[in-house]
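Two complexes come next, and they have one chain in common, chain A, joined by chain B in the first and chain C in the second.
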Partner chain A sequence: MTALAEREAAGPARESEPGPRAGHPRADVKRSLSWLGLVPFFLFAFAFMLLPASSILVGSFQDAEGAFTLANLANLFRPSILNSYIVTIKVSATTALLGGLLGFLIAYAITLGGLPKPLKSFMSTFSGVASNFAGVPLAFAFIATLGRMGVLTVFLRTAFGIELYDAGFNLYSFWGLSLTYTYFQIPLMILIIEPALEGMKREWREAAENLGATSLQYWLKVGLPVLMPAFLAAFILLFGNAFGAYATAYALTGGLINLVTILIGAQVKGNVLHDPNLGYALALGMIIIMTACILAYSWLQKLSSRWVK
Partner chain B sequence: MAFIELRDIEKSFGKNQVVKRLSLDVGKGEFVSFLGGSGCGKTTTLRMIAGFETPSAGSVKVDGRDMSGIAPNKRNLGMVFQNYALFPNMTVRRNIGFGLRIAGAKGAEVESRVDEMLGLIHMEEFAHRYPHQLSGGQQQRVALARAIAVRPSALLLDEPLSALDAKIRVKLRDDIRAIQQRLGITTIYVTHDQEEALSISDRVAVMREGRIEQIGSPFEVYNRPATPYVASFIGTLNLLSGAVADPSKGTLLVAGRELRSSGPIEAPAGAEVKLSLRPESLSIGAGQAGHNRIEGRIESVKFLGSVVRVVVETGGQRVFMDTFNDPSAPPPPVGSSVELSFPPEALKAGAAEAASEPERAAAAEEG
Partner chain C sequence: MKRKTGLSWLWLLLGIAYFFIPLAATFLFSLRGKKGVFSFVAYANVFADPLFLKTFGFSLRMAILTVAAGLALIVPTTIWLHLKVPKARPVVEIFTLLPFVIPPIILAYGLIRLYAKPPIALVQSPVLLVAGYVIISFPYIYRSVDAGLRAMDLRGLTEAAQSLGAGWLALMLRVVLPNLRTALLSATFLTLAIVIGELTLANLLAWPAFGPYMAQMGRNRAYEPAALSIISFGLTWGAIGLIQALTRSGRDKASGIGAGAH
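Entry: the complex of A and B
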């Protein structure tokens, strides 16, 4: 009855909507100018993404004299190098999960938790700054706070008699590094997930409640499925963010933790381990892993967002 | 006995009291509309019945059961929202079956009820579509089916048609009324659209500043407005200025003419009063014996489809007259002189509190 009538009613309105028409000379000129605006991006991507990537790809298959070799790739399967990939993936996944979870909870509190608006504004600004606070300054800040003679370590010792390092904590270990990474992972998660949370309609929750659902049922059946594509996107971004980090780890641990990025640095910078081509192969391995992650993300996102336009 | 009872309910947000000692009885199977402008408290009242807002004072009872302290998910009231509120991650079928699955209904029972609901809203072929693949009207139809699938004790609709096109609005409101009558479900409908409220309700509650100004059948509310505000809010109203001639006889002087009103006037002779007159009570010509007559000049003629609105200037005042469109009898040309007549009972003396449409239109034209 009505559906057909509605479509018929809506049809002409859509057809008469104004907009640039295909084939119209002015529209074509406008479109050409729009493409022109993208030229700087393409130039940048070519110069600083495609060329280096090509260089990495070519260098991975060359020896020191420039001759073709598969030795660099074969070396990636050496136990120490394989271990560095495993450690890097573990650090990245751990901090993405930890930062993602905590960031989500904070973002939830400031968007849907009914906190005062000024606090929300402050948190957004703080997150923007904190998510970019990484590298040597971040490492130093953590050493000054949680190092063996750090402010907090000393305070806990003198005020409460708690010896952090005797209790098993070590800033220069896997968990110490992960803790340091979460400092920029949490605010990054807040920045990414906040718009998605803002998009959650209050009426969805009320409709679910009205239909008899508890808060948990609402989140399991509506809230989390609706947020899943944003969650996956956020996780992959956080993972990538930690996967490529170098300066923070290097400044904090001085190479004690065997991350791939630190290994690449050692091969390229020309210390004892100088072997740029192995460095290229290591970087290629990272590119392959990130590509695999992005492909997995695309697949999962398709599965989780069949309902998205 | 009333099925839904609101007793002296109040609601304040901080210092702002939006609902003030509101009481209302809604009978079983009745369709009552809350009609009023923005901020009159109609949606807040509905949300207090649904349980999304807690009354600051007073009580809400449904089927004799006090709803105080009962969470929205335990009230068994179906609600339809202005923006549909369909779950975007679920198909039409899953949206409709959501409440049933939450209630623990088994697969076959859910499927059977969902099919029944899809038939009720005539959307069987859209069962596997997602909300974004539907038009606004279709989405609202699904929202209605979802709300009634769980067999709620009453249905609450919060401006369900305000986001839709005019044509679809008219069609869907008739569908809502038909479904409500078929199921015999007690319904409270919130709207700011008087035509909508008057056309589908058993009773209309006209609300203003957190109170019910008048409640009655659409016929009563329109033809016998209890207050000047209701008179000016419902329908189009001419507001004229006149002087009382004889209070006991109910006669007045308007533009030099003596007119008879519906009854005695509670004002002394010579007092300036406002007079209200519905545009559709006026007709061109001398009318019947005993009718009031005024003369004027046609200022404009507005074609509104089935109705033609003639604007007549008389003694410095502007009067609207509505008449049915008759292709064989076009209205007199603009600028011509015309005599208008109307029965005395159509003229009511008393100051209206809100601007009527003619006044607003005049202000807009002058501004």
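Entry: the complex of A and C
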């Protein structure tokens, strides 16, 4: 608790004259001094978050000797690497869409759908747990369920004669990974979209109905326009969530699927490529996509908070 | 509205099926350790493996260090933010979003590149692992503490305590921290749950932690991984269920949101 102790030592002297006084020169000094209390935090974030990230940024514009080059970025467009981006984007978009839609429908059912009230708090609690049930244990759960010897695979075979793996399904490729990711995407969607749905006022619907609107008209003209920013924001968050995921895919496929995170991981461990600067460029591409996601997310959040207080 | 309820039940049941079928299947699978009968052999094997206790103990120690360091860094910062520099809040909030832009895999990569060789060679030291974990858990801790501070009238309490003659130490220990108890507990449990099973950082920084141990198990064994999965889910359930029970009255909707361990 060094930061606390430091602040307590510095606190009383500054607290002798509480309250901000704009324009007063001493107050100005005091206000800039009070920013000093945040220094330990920013220092830590700088050393262990910003600096490492920027060093990747720098590395992706350097060649093996440290000279400036754009070759790494050009190499991102090599077919194998381009393909890993395409696969990652496909998995992220598919699971964001699947998880987003199902999560939205469930959230709708428990908020506005007329279900008994206790179900809502049960589902909220459960979503909190399930959205954190990810990584290695989740991969194992899906192997036990849908792997070649998985309980559901065997059940479908013995009960209905359906051979999932003969029908082209494979847990360790695109659809298997997508189904697995969807497991944490659904509860995350429920947690994110629930407040927006609760902000939908009953009065809007009543007003629309009093003016003679049908249910469809209400949704097209009022419901969807109000919810759209929140829905898109949630979609983008889910997309980024899947895009950055590593542990689940690693444990599920043993690192054999062509995702950007898996390629980066292999690069760090020195298994493939043997070209660190290309690894930095891979990471840079990822940071750019994630940054775009978070910017779009904040902007949409602002739009949606106009309605949802 | 009546006709809609049927559809609502359908979506709810679909969701519950998606949640529970893999769990039930994993549990059944974990009981298959002995041919022909259901047994807890896989669980016995897991607990009998000395590496299980060793790696779990290591991850637990790292998680406790992470909680200690994370709270020491973020609690004073957030209180300071609320009392003294509310203007700085948007800046700090951007920092709470950054671990999302820089996912664990990138963080690990950057930490290795930066701290692998002199002048600062930290890769061999658990300090770097814990520092990385603090960054990963930072949004969760910040949100819990921030929500806890918003829920109480910090300024009013501070003024009341000070007009009664309390110094800063008394104010913190006897007024602010007791009021933050729920928020601190929920931050602690969430961080424990995330760090103990974490794979990415531990794997890339090459530590003998619980996450890499589980992944290794997945390659070598058939039924033990399912047992590990159930044990791990039980721990997450326990930790987060406890938070939800604690914060039920405070309606802290932020506590469960996140993507730390994916």
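The rule we apply is simple: the second predicted complex is superposed on the first by the 238 of 309 C-alpha atoms of A that agree within 3 Å, B and C clash if a C-alpha of one lies under 4 Å from a C-alpha of the other, contacts with A are read in each partner's own complex, and residues count from 1 in each chain.
By definition in this document, contacts are C-beta pairs under 8 Å (C-beta built on N, C-alpha and C of every residue); 3 or more make two chains touch, one makes a residue touch a chain.
Being a predicted model, the structure only gives us computed values, none of them experimental.
Quick one: is A:Ile110 in contact with chain B, with chain C, with both, or with neither? Answer first, second, both or neither.
Second partner only, chain C.
Just to be sure I read the superposition right, which of the two partners does A:Ala213 touch: chain B = first, chain C = second, or both, or neither?
A:Ala213 contacts chain B only, not chain C.
Of the two partners chain B and chain C, which one touches more residues belonging to chain A?
C
Considering only the touch criterion stated at the top, classify A:Gly240 as touching first (chain B), second (chain C), both, or neither.
A:Gly240: touches chain C, not chain B.
Under the stated touch criterion, which partner chain does A:Asp63 make contact with: chain B (first), chain C (second), both, or neither?
Neither: A:Asp63 stays clear of chain B and chain C.
For A:Glu163, using the defined touch cut-off, is the partner it touches chain B, chain C, both, or neither? Pick first, second, both or neither.
In the superposition, A:Glu163 touches no partner, neither chain B nor chain C.
Kindly classify A:Phe126 by the partners it touches after superposition: chain B alone (first), chain C alone (second), both, or neither?
Second partner only.
Quick check for you: in the superposed arrangement, does A:Lys201 touch first (chain B), second (chain C), both or neither?
In the superposition, A:Lys201 contacts chain B only.
Would you please give the residues of chain A that touch chain B in one complex and also touch chain C in the other complex?
Correct list for chain A: 1-3, 7.
How about chain B: which of its residues touch chain A in the complex?
50, 52, 71-79, 81, 83, 85-91, 98-99, 102-103, 122-123, 125-126, 130-132, 135, 137-138, 141, 143, 146-147, 150, 165, 167-168, 171-172, 175
Contact residues on chain A for chain C in the complex?
1-4, 7-8, 11-12, 15, 18, 31, 34-35, 37-38, 40-42, 44-45, 47-53, 55-56, 59, 102-103, 105-106, 108-110, 113-115, 119, 121, 123-145, 149-152, 182-184, 186-188, 190-192, 194-195, 240-248, 250-251, 254, 261, 264-265, 267-269, 279-280, 283, 286-287, 290-291, 293-294, 298
List the residues on chain C that touch chain A in their complex, please.
Touch list, chain C to chain A: 1-2, 4-5, 7-9, 11-12, 14-15, 18-19, 21-26, 28-30, 72-77, 80-81, 84-85, 88, 92, 95, 97-115, 131-132, 134-135, 138, 159, 162, 167-169, 172, 190, 193-194, 197-200, 203-204, 211, 214-215, 218-219, 222, 225-226, 228-229, 232-233, 236-237, 240-241, 243-244, 248, 253, 255-262.
Which stretch or stretches of chain A touch chain B in the complex?
By the definition above, chain A touches chain B via 1-3, 5-7, 9-10, 201, 203-204, 206-214, 217, 221-222, 225-226, 306-309.
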